[in-house]
Amino acid sequence: MLPDVSAERLVAIGRRMLLIRRFEERLITLFQDKVFVGHYHVYIGQEATGVPAIAQLRPDDFLFSTHRNHGHNLARGVDPKMLLAEILGRVGGMSRGKAGTLHLSDPQRGIFHTSAVVGGSMPLATGAALAGKQLGKQQVSVCLFGDGALEEGAAYEAMNLASLWKVPIIFICENNCLEAREDIPGAWHTTCLTTQRLIDIAAALGHSTAAIDGGDVGAMWSAMSQALDRVRGGEGPCFIEAATIRWPGNFGLWPELPMGLTNLAWVWGAGEGPAAYEGWFREQDPLLRYLRELQAAGIADRDTILAWDEAVRKEVDAAAQFALGSPSPEPAEARRHVFVEAGR
Amino acid sequence: MLPDVSAERLVAIGRRMLLIRRFEERLITLFQDKVFVGHYHVYIGQEATGVPAIAQLRPDDFLFSTHRNHGHNLARGVDPKMLLAEILGRVGGMSRGKAGTLHLSDPQRGIFHTSAVVGGSMPLATGAALAGKQLGKQQVSVCLFGDGALEEGAAYEAMNLASLWKVPIIFICENNCLEAREDIPGAWHTTCLTTQRLIDIAAALGHSTAAIDGGDVGAMWSAMSQALDRVRGGEGPCFIEAATIRWPGNFGLWPELPMGLTNLAWVWGAGEGPAAYEGWFREQDPLLRYLRELQAAGIADRDTILAWDEAVRKEVDAAAQFALGSPSPEPAEARRHVFVEAGR
Amino acid sequence: MSEMTYAEAKAAALRQVLEEDERVTLIGSSFFGLSPFRRLTDSLPAEYPTRVYKIPIAELGACGCGVGAAMAGLRPIVDISTASFIFEAWPQVVNEAPHVHYMSGGRARAPVVFHVLHGLRGGGAAQHSHSPQSMLWNTPGLEIVLPASPADVKGLLISSVRSDNPTVFLDQPVLFGMRGEVPEGDAAIPLGKAEVKRAGKDVTVVATSAAVQQCLKIAAALAGEGIDVEVVDPRTLVPFDAETIYASVGKTGRLVIVDETHQSCGVASEIAARVAEEAFDALRGPIRRVCTEDVPIPFAPVLETAISPNEEKIIRAIKLAVGAA
Amino acid sequence: MSEMTYAEAKAAALRQVLEEDERVTLIGSSFFGLSPFRRLTDSLPAEYPTRVYKIPIAELGACGCGVGAAMAGLRPIVDISTASFIFEAWPQVVNEAPHVHYMSGGRARAPVVFHVLHGLRGGGAAQHSHSPQSMLWNTPGLEIVLPASPADVKGLLISSVRSDNPTVFLDQPVLFGMRGEVPEGDAAIPLGKAEVKRAGKDVTVVATSAAVQQCLKIAAALAGEGIDVEVVDPRTLVPFDAETIYASVGKTGRLVIVDETHQSCGVASEIAARVAEEAFDALRGPIRRVCTEDVPIPFAPVLETAISPNEEKIIRAIKLAVGAA
């Protein structure tokens, strides 16, 4: 279902989703080329959750992400060049190479700090919401996290505090435990939570809740717009559970591309792909699903979509060129910014 | 309502409740006499929860308590002499004066260690239940805690683990937030939980739940016996919320005796008391409530009850004499038992 | 100057920062724990109804909220009361707050203050008696403040709240009733300046928090025996004013360190290691530490005293240091 | 004796303790994190289906369960993998486990092992690179084990599980691939015995964990320059074998300490403080520490190396110590 918004916004959403996809695909190939170290997490398969949610924020709202943060940053409009340079540990990155993939941030866009500790962002986001309330500018704090976060006690403390103080926060749980290969609703393969309806917990703690199909841009759009109305109106926290089907390349910490790069011909049913993943690219992939909806609604035809792709790929090429061209930081950089020195 | 058990058991329950009451009252006067240091918490007003719950345990079951642990220890049959000596920091105490009021334990009775950290005992008790399951002797772990524990993340992690592993555990939340002076159901004066039905949380995490009147011995008895059947049968965790009316002497950490010592004449409607606390001693006090039930059922008359009281007071006198006569430990005691030395 | 108790000076500082900056927000407000001095701040929630938040028993959540609120523009003071319970908040205190500025490459900041009451309290036993400052010192990115007098608590609390960095403010409740002179007006004391609390020539005693006052008393007594003790109070562990300590050791050649953290990897260990590294040539004898022994804290008062850095142990260490034992 | 990798020796120890004592129970089982060596223990859940428990992302709950299960009669090993996440479990690790035996006056015990992978890993950045051993050393009641070779990991892991005390077992994944001789049969190594890993007469280098192997390589290289380095590995911090270190310093008169914890209140601070207190007269020059600098861990490899106790810094410290710089 398409969100009920202008064609321009619909197009912007699709292009942003495509940018995330191509960015992450490029990242995987860069890692395979041993261009950077560490473990990392990509956002492929969850584009339909983050993009329509984040697209509705005001510039001065606050955004909190997790270890799986590239897509959220791109959705918020962070420069892909600096983002990629940071992931590669280069001085051209937003944090001059000190943060890497796990701690991407852009304070000017309300992304102050990313915790890669599972559950860690939920108290932080609640505190930012408190500031939003206190500062009187109706700023909202949005906190995205995985289903795993609800295994950590921090999540409950944060949800209780948010509810107690009635702060303007939206918790969005991206539940990616529905396996693409065994997509039985309720079969939570990677989570160890004993509940099957995550919203029950939030509801018990006084949140207004919604459970939606996280692969459906329209569903996310409307859940989010309702939640925003509610929290900006001072009615206290909302909790949205977005169930996303797990992308088959999400092998633990080091993703792979089992289907190769996404073939946009899959949008219009053409193009071959590995038989094992037919279910994914014919039905489940949220990017392809959305592009098919745009096509069906007459908003974008095949050529338009291919033209977007070309533009996006150029943007990603430029980002890669910038990042690869940016040097490693000087060793002395390591000793800067431990403390704020000014004004002391 | 009286539990459906033999008169002997009914009597034993009443006498144990009375022992707890007189023990705690004596303790308050000892503190006022500056006989011991620190802050402490008494069990007055919650006797109808702990006693019938703990009375049903097997000798080899495990029991976990909190900062408010005197009553649970006495209910389990711990020697009042050593208990009091420990609270006073004397060498005759079970832990030779090292534990004090906050950390009373009696490993032989399955009380291995008492955490005075709010929420701290819930993971410990879950682990003991795991051992109970693993060792194959059908041992059950029982964990008593206050409503405040559900404000700590530890509680949720423990409840989820217990449910996931289906270990034999009974969580008993003694919710003492119903103020005696303003006993409106749902008015949670001291807690900061946003939910008003604590069992909803446990239910969302897969527990079998029951919410009962914690001032009613019979209600507690049957909730507990059902829970024990269930967990010993390997069906996974139970969660009981026992709502107890807050005893008016429970002023934060240093209790007082605003009505003086409990006057048993209040059982049969005689005896004066401070007008401000009429509601408490005429209706709410769980000890008096239970004794009235025994009297009404013809199990104990006035003289019998007074005779119990005399015996209990003698036991408490003896405990006080023992504890006060026990010396402070030698300084060198402080350096013993940091590590198990034998068998290394 | 006016004379007041440590507790009054602390309450005055709180009111001053609340007055001067409306971003200052209290998340929890038991700054005097359960001591009778709590009356001094009991009315804060009523005085600042929109700026004081009551917290559930959720230290991790509360500290995380403090960090988040700080990043988003407030100046929160999170009160944990008993220092032992900062452990519940450890992931936020040591693995979020100190990394905000650094991981952002200097673009974000988290000017939060975590307030705790540390140390042996008489009957606190193993779980309510912690002095977590050395664990915190092992965490780069946190400022650590340990006041030891009425003037210091006022001046250092003001500077902690004004600081742009995450700061842990620890005080020892035994100091609450102590009286002393406190300067009027903006009495801020910069973080990172040690104070020679008593000048002396025979031996340097570096003491922290309540141990400072204990050592000053002992120094006065030992003066009568002809031992001239210099007492240096670092006041903040981060930033740390090592120079003042090196200068003192340069003068006396003898060093005793008195501190309430457990001995192994404690505050005294770090100070000893720095001096053994940077001022070794000035030392004329072994460095001696008087700390809480490496034992969980027992309940009974006699046991608590036995393992604490008590007067007897301090005097013995000083006498050994000056060769008078 | 047979030659094997550190990872193989560790896996062998795990199988040995599981075989010899059916109370041994695994709560979590990622003993090799995400390294390829995980294949060595991948089959444990299938081999011991009733004795291996999968855990949710709930470190506090899992560690608490380990302590509770230990008190009630099991011998649990709780695996936290990345050491940074032991902070989530801090209240159970530092404020429950170490107090069980003591608070019970010697009647209860908590023979649990907490297993973590510590240290700089290359790209772990601020939140995945911790070495919490010094914070743990500040907590009386915990045994702390830091193996540095295939023989040590096997022998120390067996003893950790057999110990009646709560024990934190930390290893550095960079060691997994190292090959070395491991004795056959019951290869248990008692906790509390340091090992002189290389004898030398010019300078004592006390190193821990992976730094031991790093220092042995450097020592071999410096031998060519005529500097004879003695490398001492304490192997366990608690119990701590200070005597072996004092004896070594007594012989060399020079001390360099190399360790991966952050410098302030780190493991090296404690060792330095003890020597400056107990073996001062043997010292012929300043004690030098080479640690991770007091900076959050940065992501970029060049930055991580810059703040780590790297080869260049170790060599410089040794040369300064022996007066060759």
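General observations
As written, the chains take the letters A, B, C and D, and residue 1 is the first residue of each chain.
Note that in this section contacts are C-beta pairs under 8 Å (C-beta built on N, C-alpha and C of every residue); 3 or more make two chains touch, one makes a residue touch a chain.
Note that the structure is predicted; figures quoted are calculated from it, not measured.
The most distant chain from chain D, with centres taken as the mean of CA atoms, is B. Between B-C and B-D, more C-beta contact pairs are found at B-D. In this assembly, the C-alpha centroid of chain A lies 48 Å from the C-alpha centroid of chain B.
Taking the mean of the C-alpha atoms as each chain's centre, chain C and chain D sit 30 Å apart. Separating the CA-averaged centres of chain B and chain C is a span of 37 Å.
One simple way to say how far apart two chains are is to compare their mean CA positions; for chain B and chain D this gives 42 Å.
The multi-chain contact residues of chain C, meaning those touching 2 or more other chains, are 55-56, 58, 60-61, 84, 88, 91, 95, 99, 102-103, 125-127, 140-141, 293-296, 298.
Counting partner chains per residue, chain A shows two or more touched chains at residues 95, 98-99, 103, 115, 117, 151-154, 157, 160, 164, 192-193, 338.
Partner chain B is touched in their complex by these residues of chain C: 34, 54-58, 60-61, 84-85, 88, 122-128, 293-296, 298-307. Contact residues on chain D toward chain C in their complex (touch as defined above): 84, 87-88, 90-91, 94-95, 98-99, 102-103, 125-127, 130, 134-135, 137-141, 237-238, 240, 261-262, 264-270, 272-273, 275-278, 280-281, 283, 285-289, 293-296, 298.
Across the interface of their complex, chain B is touched by residues 25, 27, 50-51, 53, 55-56, 58, 60-74, 76, 91-92, 95-96, 99-111, 140-141, 143, 163-165, 190-191 of chain D.
Of all the residues in chain B, the ones that touch chain D in their complex are 62, 64, 93-96, 98-99, 103, 105-108, 110, 112-115, 117, 120, 122-132, 134-135, 139, 141, 153-154, 157-158, 160-161, 164-165, 336-340, 342-344.
Residues 151-157, 160, 163-164, 192-195, 197, 200-201, 203-206 of chain A touch chain B in their complex.
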